[in-house]
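Look at the two complexes coming up: subunit A is in both, with subunit B in one and subunit C in the other.
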Partner chain A sequence: MATETEHGEIEGFGQVSRTVGTVFRYLLIAATMFGIVTLAVLLVYVANDAIRPLTAGPGWYLTYFFTLVVPTLLVGAYVRTRDRAAFSFGVFLIGLLVVSLMFSGGVGLLVVDVVPPLVALSFALGLAVPAAVAVVLTRNSHRISFTTRLVATSLAFYLSLFGLPGPIGDAAGLPQVVPSFVQFVQSIPVIPVDWMMVAAVVGGGSAAAVGAYVAGVRDARSGLYAGLAAFAVSVASAVVGPFVGLNPVPAVVVTAVALVPTSTYAWRGAFGEDGTPIGLGFAATVVGGALVGAAAVEAFGFAGPQSWVDWQFLTSSHSGSAVDAGLYPAIGGSILLMSTVAALSFPLGVGAAVYLEEYAPDNALTRFVDVNISNLAGVPSVVYGLLGLGVFVTYLGQSAGTVLVGGATLALLILPIVIISSREAIRSVPSDLRQASYGMGATRWQTVRNVVLPEAFPGILTGTILALGRAIGETAPLIMIGAPNVVFSLPTALNSKVSAMPLQVYAWSSLFASEDFYTKAVPAGVVVLLAVLLAMNSVAIVLRNKFERTG
Partner chain B sequence: MSTDELETDLTRQTENSPRELLTRTFFFLCAALSIVTTISIVVLLVTEAAKFFTITAPLMGVTGETASLVDFLTGTTWQINSGEFGVLALVSATLMITIGSAVIAIPLGVATAIYLSEYASQRARSVLKPALEILAGVPTVVYGFFALIYITPALATVIPQIGTFNMLSASIVVGIMIIPMVASISEDAMSAVPDDLRQAGYGMGATKFDVATGIVVPAALSGIFSSFILALSRAIGETMAVTIAAGSRAQFLNPVNPASFLEGSLPMTAAMVQLLLGDITGGGLAYRSLFAIGLVLFVITLVMNVISDFVAQRYREEY
Partner chain C sequence: MTRQSKRSSVSRRKFLLASGGLGVAGLAGCTQQNTGGDSTAEPTSGGDESGSDGTDSGSQALSGDIAIAGSSTVFPLATAMSQRFQETHSDVNVSLQSTGSGGGFANYFCTGQTDFNNASRPIQPEEEDQCSGNDVEPVELKVATDALTVIVNNDNDWIGEGLTVEELKQIWSADSSPETWADINSEWPDEPFELYGPSDASGTYDYFHEAILGEETSHRQDYSPTEQDRTIIQGVTGSKYAMGYLGFAYYSENQDSVQAVSVKDGEGDYVEPSLETALSGDYTPLSRPLFTYPKVSALQEAHIEAFTRFWIENATSREIVAEEVGYVPLSEDEQQAMLTRIDDAVDGSN
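And now, the complex of A and B:
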């Protein structure tokens, strides 16, 4: 096609100069690097302001150099030359430990300050019992018709969560006759100690996950043993915790959420089939080096960097002076907002994607929905904020700036992204699989549930996590729905006022603008926000890579 | 599942069983939510904006204070306290951010796309593409802080008369933010150019430079233009970076005069945030002006997205 326009160049045939090409090439490289280098420089500046590595003494650096850096380099080089797979397993293991520790911090925040252990326990039981009923009903699905099962399952959940006659009766003014199972649990006179309830809920959940994982890679019996062992370890940690300076509840949470899953993965990677124990050795060197370094620094009394990102910053709330200001309510707010956003946007987004890919007839309406979704993805976030303000706050009468309104607004904002990425994941499922399923007489829903969704799940999950990463950095919609700039306590319910990490950073950098905040609290907040984003994105990337290898 | 279970399952489940209908309805409702969202946005913006203007307010049953539609669209002063709502002051600031970020993002983005699609090795690409994605992934509030605290002082050492809040640093960070968008869409368009064309070029004795600039770029032009429009529509809707870095005092600036980039002004999105932070009563004039700006913003970005789609579809070279 382009031959006419090529006239100029073609006339210059025979006078080829390498200079132009080389200069052009280097210009392109420079252009590509410009944005990356600029951002890298800015990140170095902000990290320097927040962490202040230059304030640490030479003794501190020397100690860590000998306990952490040298062993890591030596063992790392050795493991890498011996077995590359083992090396990447070791690196992955360290990453897993770091990310799961961050995650356990979030869970700990939830069970310590947001949800009282008794309420958590009652709701866990209140959901587990009807779920068990549903499983039993599904097992016997060939004997009971679908409608009966649906009614029975809904009834079980309703009874367990609301009792009789529940909210329906409230509307008609009827008194509560039968208390719900949740209320029943909460009214039991003998209340176990907090850490026992936390161990039951969090430890039970983690033990179930570990058990299911081991049962998947080995067999059901080892899965059961592994689950029991995991639960025992979680419970034991509450007893051991106080001896190493941890309260029982945080000890249980850290063990159940971070240590147990990481060690399960480490055990399998090191001693399972095709295991690589030296990879575990590398991870142990790094973690051990860090611990030994910390102990040595403590023993010799070397001063570390006077970082603004410290325990005080992470656990205190806003203050008029930048040195005392902290991010705690904002971190908790972000966690609650993200939970709400995930709970709303995941089912809705995946549902819409399934409809458009598997069910929708090829007609004008479908094409309209299609165009509509891609246009919604381009609507500025501040307009979504207006939508939240106008619809949820003004018309539906929700109070401004609550977890529910913020979560719903952000969920609408990322819904198009979730739909688009889920559609891509669903589209990449080979149609052979679908045809095989239909060929065996499966209905559309059976095909979707048993073939399409399991195949597409890693891709859907990756897309959802990336979308959540976008939502966690959004500030404008939260301002529009009237989220307060300063919150001094964690939100404890869906209708309590919420702040979020980016909102707090914005408040510090514009409403409390002063040299003090610019150089202390804001850089620290930025570093924490970016660290959370980095953790989320690396989880998504690891999932994507795993998915691409197998898929 | 044992055989008889399978059999009952297979014989009973048809496309019209209650379960199929229920799941189908659920999925359909999920998809329909996107239409509901769009309709809510449009209805909300139009009705609330209509309550703002003198000419349409009586239709909506509003009796309180209103503003003139003509003044809104042609006025160049934005002073809420004195009741002057001239949106052109805000539009000029938004236009400056758009021009400024385009000057940065368009050449750099296209050059990045050419490098990634024509020059980079597989290995370099696998490193550079995620690195570029990070540029778009950093929260915009962080970019705003960077612009205010690091970029403006750095610029002040070169241009001493620059203000604390200025359009230049805001444009720079918005430009950096949208580079990945230009680069990835343009690169997709360039990668879609068939290899035959490149081979034909080499066969005629063209150098790599000739092929990249003379064959690949013209062949991918529609995709490149559509990436410009999409990225600029993103720049227009960008909120936090400009709110923090561009200032809070609305003034009408000449967008094509480079000197005005040294001053601060109030882009549309920043004006919306500022309105919200002030004392705003639901239903008041300031509250309704929010939706009037929102409508202008929504219409501009929607039109740009539609044009971008149109360009990509209409002028695509079919191979």
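And now, the complex of A and C:
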């Protein structure tokens, strides 16, 4: 076909020219950049409105330049040339600190304003005791049959959470005879002060996680010591907190959720096996530089930018004037909605994915389900809103706009995405591993539990977090289910009305006609929403990268 | 080796004893009375009342949810009132939703979802039927007076002093539905209208319909209807030949972006919309009362009754109603009448 002719043309290709290829290449680059640049311009515009960096004085910039920017650049360049891995470890450590601080803000909001410490403690105990029973039973699994263990475990959970005869008795009209363990704990007349209960729940949880992590890295004994140390640090922070201007409860939460895990990771990365202490040095330079800069700015009295995103904006509720308006109830509402969505969509989605990948036979029905899940992932969110309104509010008679209805609707919305991404993760587990497990005589259940799920778990988690990132920005379904435009305090129960960050931004931009809201509160709300979204996505990306490295 | 371990075990016992003693002492100092406040379990008699904190001494703290929906015109007023109420009663959770008067009655209030429905027109008979069908009994409370405002673009220089009711009727009527300004008055530009207004779920729409067009004439439907008053402002700002109408509060926040049209009723003068002309009664026929409708069963709950009284007690406040929101406050007499109505509603079904 492609034979050369006298005129330098190749049949079927036309004239040979480099220009066409070059033009095509640049067109492709333009196509790539168009969307990114447009979005970047928009974001810069919004961020400029919200943070107003130009309102800060030159003194403020100079101070931070010398305390933060210069040391960061110098130390960063040095560390990077010495040891690339150390540099990325340092960067990661800073990211971890920032994200975990944001996360601790969320947890703090929950324990301060949503769940009273006693209730949290009672439920933590009410879950921990039967869980311990279950663990003991599982240890003795060779002596007790599965059915007995199942019945005993369910009974332990039921007694602990509901008592006798519990909701079943309520339905049959029987009076409560034995109070549940949860009720019992809540009725104890003398209880520890709030921060101790918070320390027990949050600090205990964080200590357990740290202990498990260290036990995995070193051995069980170091794990135990690390957990105890972590718990002691959390408790100690409540005593130290008041001296640095923090109330005991927030001090415990910040320490347990942000500082303890970050320092555990820092310790491991710097002093563990093949650790890189200079990476820690880089992270310390950045954090220290920021702190020194803040202190210096305070001491010299340099005014920072008059940002609309400030502490007042994050902690106050809506107000008639844009300057005093805040996002607090919406932030809390979003957190509660996301917790509900995660609690509903994660087990359902992962369960469906495991079934479809590991158990489902390859027949017409499975393929039909397959196609429908893919289609459902593309259904517009407003349709899910209608579905939520129809099913939960009209048909099931729930009241409109509550945490439960909103969470359930958003969970339905992201369920197909969770299923698809979980299936992706499960499918990427090499079938050699499965075959090897079967070859050792493991059953299908043992293979799924011990081989497939642990291997696929980071991928599943990544997909779920990205899906939650979609849910947190959804506005249309919440409008459809009748979520209120303005609320003034956090919801305290599953059936109280809830607002969310995107909904609040929408209400400000549409219902409050004054220019003030449009130029102050709206950009500030958008920036907070994006910050939360980016934090969630960064967690997902880090998980995925780790997963790809090890797997 | 053995000696070392012996010594360390002694010191460990001492350490355990000392730390245990300290711990017990510390724990004893760090306890509080369980007031059993808002646990999920049934209220457990609140421990003993001589509790140490004393947070719940004095007047009993109000707590509970209040759900408000309805008119977008009343929404800013309801928001301002709830915000103030919330400052003193932080345990009461008020949620507000702007659905339009009719939308609020039909979808939220009369189905029993909400405790209050705001309305920028009185409740209609069919809505009362729907409510009573669901055992919802509304109480009509007037909360302010509004001057419904017709707005045009700042560059509109041809309407002169203002518009007559007759002209407004021609512009907005479905029967004539003129295409261009010149269809109304041949001296005006021969350019098509761009009309913005509230949707038919809105009380503002109902009131305008009744006051300007009357029962027989229907409101034209080829305009841009919206429940977001900001959209009306933006639409009118964006086009020289646009016209729209909305509640006075939204106009008063955007006085630089659009101009309000003075309205002449019958043989009177052109009267510009303002709080003064609405209060004096000169601004006819577009000055109108604004309402909120609590339901009688909700008023039996202490926190909702307190909120209702709080609202009416502050409904005469010039600072909140006029300066912050932009409506005409109630007179003292009207306030007394409304308070009596609340009393009757609270006692009536006891």
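The rule is short, and it goes like this: the second predicted complex is superposed on the first by the 536 of 551 C-alpha atoms of A that agree within 3 Å, B and C clash if a C-alpha of one lies under 4 Å from a C-alpha of the other, contacts with A are read in each partner's own complex, and residues count from 1 in each chain.
In the analysis below, a residue touches a chain if its C-beta (ideal position, glycine included) is under 8 Å from a C-beta of that chain, and two chains touch if they have at least 3 such contacts.
Quick caveat: nothing in here was measured; it's all calculated off a predicted structure.
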First (subunit B), second (subunit C), both or neither touched by A:I29: first
First, second, both or neither for A:G281, with subunit B first and subunit C second: neither
Partner chain(s) touched by A:S510 [first = subunit B, second = subunit C, both, neither]: both
Touching partner for A:Q186 - first (subunit B), second (subunit C), both, neither: second
Partner chain(s) touched by A:I373 [first = subunit B, second = subunit C, both, neither]: first
Partner chain in contact with A:F488 - subunit B first, subunit C second, else both or neither: second
If touched residues of subunit A are counted for subunit B and for subunit C, the larger one: B
Partner chain(s) touched by A:G59 [first = subunit B, second = subunit C, both, neither]: neither
Touching partner for A:T147 - first (subunit B), second (subunit C), both, neither: first
Touched partner set for A:G205, first subunit B, second subunit C, both or neither: neither
Overlapping contact positions on subunit A, where the subunit C interface meets the subunit B interface: 482, 485, 509-511
Residues on subunit C engaged by subunit A in the complex (per definition of touch): 27, 30-34, 36-41, 44, 47-48, 65, 67, 69, 72, 75-76, 79-80, 82-83, 86, 90-91, 93-98, 107-108, 113, 228-231, 233, 250, 253-254, 324-325
Partner subunit A, residues of subunit B touching it in the complex: 4-5, 8-10, 13-15, 17-20, 22-24, 26-35, 37-38, 40-41, 44-45, 48, 107-108, 111-112, 114-116, 119, 128, 130-132, 134-135, 137-142, 144-146, 148-151, 176, 179-180, 197, 201, 204-210, 212-215, 218-219, 230, 233-234, 236-240, 243-244, 269, 272-273, 276-277, 282-283, 290-291, 294, 297-298, 301-302, 304-306, 309, 317
Complex interface listing, subunit A residues touching subunit B: 1-2, 5-6, 9-10, 13, 16, 20-21, 24-25, 27-29, 31-32, 34-36, 38-39, 42, 45-46, 141-142, 146-147, 150, 347-352, 354-356, 358-360, 368-369, 371-376, 378-383, 386-387, 389-391, 393-394, 412, 415-416, 419, 440-446, 448, 469-470, 472-476, 479-480, 482, 485, 502, 505-506, 509-511, 518, 522, 526, 529-530, 533, 537, 541
Residues of subunit A touching subunit C in the complex: 116, 118-119, 122, 182-183, 186-194, 196, 317-320, 399-401, 482-489, 491-492, 496-497, 499, 507, 509-515
